[in-house]
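In order of appearance the chains are A, B, C and D, and numbering begins at 1 in each one.
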Amino acid sequence: MSDSPWPDGYRSAACFTFDLDADEIWNLRIESDEAWDKPPIRTRGEFGPNVAVPRILELFDRYDLRCTFFIPGRVAEDWPETVRAIHEAGHEIGHHGYRHVNPSNFDSRAEEEADVKEALDVFDDLLGETPVGYRSPASDLSDHTLELLAEHGIRWESTFMDDDRPYVHDEGIVEIPFDWSLDDWPYFGYQMYPQLPYQSGITPTGPVFDSWRREFDGLHKRGRAFTLTMHPQIIGRAGRIDALEELIQHVLATGDAWITTGEEIAERWETGKN
Amino acid sequence: MSDSPWPDGYRSAACFTFDLDADEIWNLRIESDEAWDKPPIRTRGEFGPNVAVPRILELFDRYDLRCTFFIPGRVAEDWPETVRAIHEAGHEIGHHGYRHVNPSNFDSRAEEEADVKEALDVFDDLLGETPVGYRSPASDLSDHTLELLAEHGIRWESTFMDDDRPYVHDEGIVEIPFDWSLDDWPYFGYQMYPQLPYQSGITPTGPVFDSWRREFDGLHKRGRAFTLTMHPQIIGRAGRIDALEELIQHVLATGDAWITTGEEIAERWETGKN
Amino acid sequence: MSDSPWPDGYRSAACFTFDLDADEIWNLRIESDEAWDKPPIRTRGEFGPNVAVPRILELFDRYDLRCTFFIPGRVAEDWPETVRAIHEAGHEIGHHGYRHVNPSNFDSRAEEEADVKEALDVFDDLLGETPVGYRSPASDLSDHTLELLAEHGIRWESTFMDDDRPYVHDEGIVEIPFDWSLDDWPYFGYQMYPQLPYQSGITPTGPVFDSWRREFDGLHKRGRAFTLTMHPQIIGRAGRIDALEELIQHVLATGDAWITTGEEIAERWETGKN
Amino acid sequence: MSDSPWPDGYRSAACFTFDLDADEIWNLRIESDEAWDKPPIRTRGEFGPNVAVPRILELFDRYDLRCTFFIPGRVAEDWPETVRAIHEAGHEIGHHGYRHVNPSNFDSRAEEEADVKEALDVFDDLLGETPVGYRSPASDLSDHTLELLAEHGIRWESTFMDDDRPYVHDEGIVEIPFDWSLDDWPYFGYQMYPQLPYQSGITPTGPVFDSWRREFDGLHKRGRAFTLTMHPQIIGRAGRIDALEELIQHVLATGDAWITTGEEIAERWETGKN
């Protein structure tokens, strides 16, 4: 496979990503609707930083692997120790907006830019460095987003769905594509409240991980990037995190899949070797 | 595992809980909407006390195990013999509101307190004692609920979703956390009527119990509490109750999972040993 | 099992029922909404009498078994040969309304009675006899339905969900209970048009039949009645009808499950032996 | 099987079809709603021509098989090279409207005819020939559609759901029937945006392909046509395309299933031999 785009004899890449939204989705709802104040469902989000993140860190540490967390700025402000623990464990921290809002919903480019910058400031204050990766909180971007991200030091992002190998946007940002079939929310994200999006049942654990394993196998064979999008509050449940461990073992068993962060994949793509 | 929070060498706890809502959900709908009077769907609720509860009692008796039933006060008034049979079999009976309404929907703290007290009075009259456990009928609480519950003798509750091991609220109430992935309704609760919540298809039985087994395995390994929320009218169908028996056999086969009531778990937590 | 309610040493009963709605659901929609005229989806209903019913007749003939078809009067008018073929094959034909409407939606008792009678007249004209069994077309009844049915010769019906063994209503009508988990529509009934009810995805075939097999096993063990509700247009697809055959083989393999019509079950219950 | 309707000793037919809608569904939405401009979701459609079609062509080439692509005229204008590659590989290209709109939504017969002709012109310009097959983009037709299609050279179509073997419409057009249970969208078509149709979860890959295999087996046994409707953007994901390959291997393993285009099936039916 001398023409593989991946380094060091790797045949494919596997990028495990976690959108640490915590209680931000519900906070937004509560702020926008006087009649909506639901403390228990907000705690569902808190499961993410409080219980799931330590479990995820332990799992990746056990296999000496690195992954990527996308964290809204406001979540980072509320859980600074969680953010520091993720950072100190060597994982990448990506930009996920300051608030968890659809970038196309901002009233102006200036307002969107303010949100982009506010999130960068939070991480600069907390960690002394700013993210170089980004994922939209809403599978959507405005006409300005890529340009704004490029201007503020973002080098890669993961929102588009038109490929399963990375490519470079006109703005110079590397895209590591996303797809809902590799996102835990459509399967497990059940919410009882019809005011919230993505409502449907809960898919049993085994068949979902079997689908993800099939998708990894197909992408590995083709030398593509397997980019799994998870939410700690969803995937951090004990039975699912153990299924995730089995999936990681399966990926490792190939011997030539490059499990790494988005940043490392982007760097490889930026060098122009691909 | 000398640092286990569980007594007697147990590694984890498993708490099987049943929300015996009977026909109360539909009664509420019928009372609030002149145009809505559907006798057959109301009988779906009656399947709970009439058919499912005897099946559940027989199952837990066969294995000499205890579980917890949350029962709305009004349901207890309509099925007093069912409530007494549950009580006499040694199971715990928990508070589930007098009416099956969202605590945050009451117009005032006083109105909410009246509902809390009315339910306690029902059980006092029926059994000569009042519940010490509580679960919200709507996965939601008002700002007053925990305070009210504490004032009226409730010692533990199961509505929050931020952990999978118990903890103590500021009000002194032990939380035994809940999660929708361990609730039978999102999988099996299908309703044809769009006026009713939680609408989606019906998930096949086997994969759901496989998911629950995976979650138990993961929680057991970590020394957590496996808290399964079921509704007799849903889980009491013959094929599901037999699948529940297989799950119980699986839990028992570990040899060191503590299958018990919420009350016993709460007591252990209250002693300050954890 | 000398106390079995079933005759001839049978341990349980299995009643396979088919609601032959054909295109009636869509006809109703088209008549009530000027803007709604969708010929292809109407043909989905026609798959029932045209393709599925011959397949079902052939299947039950091969095993020398009898089943029950509920047919709206208007569907019988449009497919008289299909109705005669079902009848001549020895299967029971049940009342399913003249139009496929919710009995509680009629404006008056008189209007509801007219619908009940109109359906009876259709079958009297076609077959020289009238149905003795009934199922609501909408999982719902009015306050008058049972009384009206009893007055017009109906001896059993299958709409209530409060048990899994038959019982007798105050009106003298035997109930052979129904449940959505044993109905093919919640799993397979997908419709692209949001104006129509029951919208969700399509559940894969194998797991649904596995659930039905589990439910039969549980009911058989307990000596209950397994009542499966199917729609020819849904279940008559080739892969599903073959899965149904496997289920029938499984039921037959017990050696002591009574596969029969609702009428025969009702007769047994009416004799007062149960 | 001397009375088989299929040629050359074949027992059944299997017609693999792909609706190459690309980004047309989202373009329509964007044009009709000023507030709706979502670039990333549009790229989900682009996955079809850019990534999935080459994968599908490679797969069918490897087994020396032919299939049918339905392509909206406007999509063909945007991806002419893709259309030419499909054509040069020997696959059939069918009519799928010029725009991807419901034929019954046109204001007049003239407007509908203009759309029919516009699509034909696109393919005539691109390939020097026009489609003879058609599938509605919306599982729906107007009262004029079949007549219009016949007048403009369409010889077969695939929208009706009333059979699983071909038949001939009064207009002389051969129908190769369609069914949602053999369409990838109800299982995999998840969309986060409630403004778009067909919203539900994502079904795991393995069980869906198992259902399709069961349906093929049942249809093959009965000498019918297995007509699978796929969307490149959905089925072209690596794990699913590999599952499709396994399904094709299963069909080939029968030794007597005729894998071919709709056009060849229609030709056989037109000869009057069936």
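Rule of thumb we're sticking to: a residue touches a chain if its C-beta (ideal position, glycine included) is under 8 Å from a C-beta of that chain, and two chains touch if they have at least 3 such contacts.
In UniProt terms, the chains line up like this: A, B, C, D = Peptidoglycan/xylan/chitin deacetylase, PgdA/CDA1 family.
Not measured: the values here are computed from a predicted model.
A.B. asks: Interface check for copies subunit B and subunit C. Shared numbers divided by all numbers used: above half gives same, below half gives different; which is it?
C.D. replies: Interface between subunit B and subunit C is built from largely different residues.
A.B. asks: Of all chains present, which has the mean Cα position farthest from that of subunit D?
C.D. replies: Farthest chain from subunit D, going by C-alpha centroids: B.
A.B. asks: Give, as an integer number of Å, the spacing between the C-alpha centres of subunit D and subunit B.
C.D. replies: The mean C-alpha positions of subunit B and subunit D differ by 49 Å.
A.B. asks: How many angstrom lie between the centres of subunit A and subunit B, each centre taken as the mean Cα position?
C.D. replies: Measuring from centre to centre gives 34 Å for this pair.
A.B. asks: Could you say which residues in subunit B touch two or more other chains, in rising order?
C.D. replies: 200-201, 203, 207
A.B. asks: Enumerate the contact residues on subunit B facing subunit C in the complex.
C.D. replies: 37-41, 43-44, 46-47, 50-51, 188, 190, 192, 194, 199-207, 237-243
A.B. asks: Which residues of subunit B touch subunit A once you look at their complex with the stated criterion?
C.D. replies: Within the complex, subunit B touches subunit A at residues 104, 136, 139-141, 143, 159-164, 178-181, 186-187, 197-198, 200-201, 203, 207-208, 210-219, 221-222, 224.
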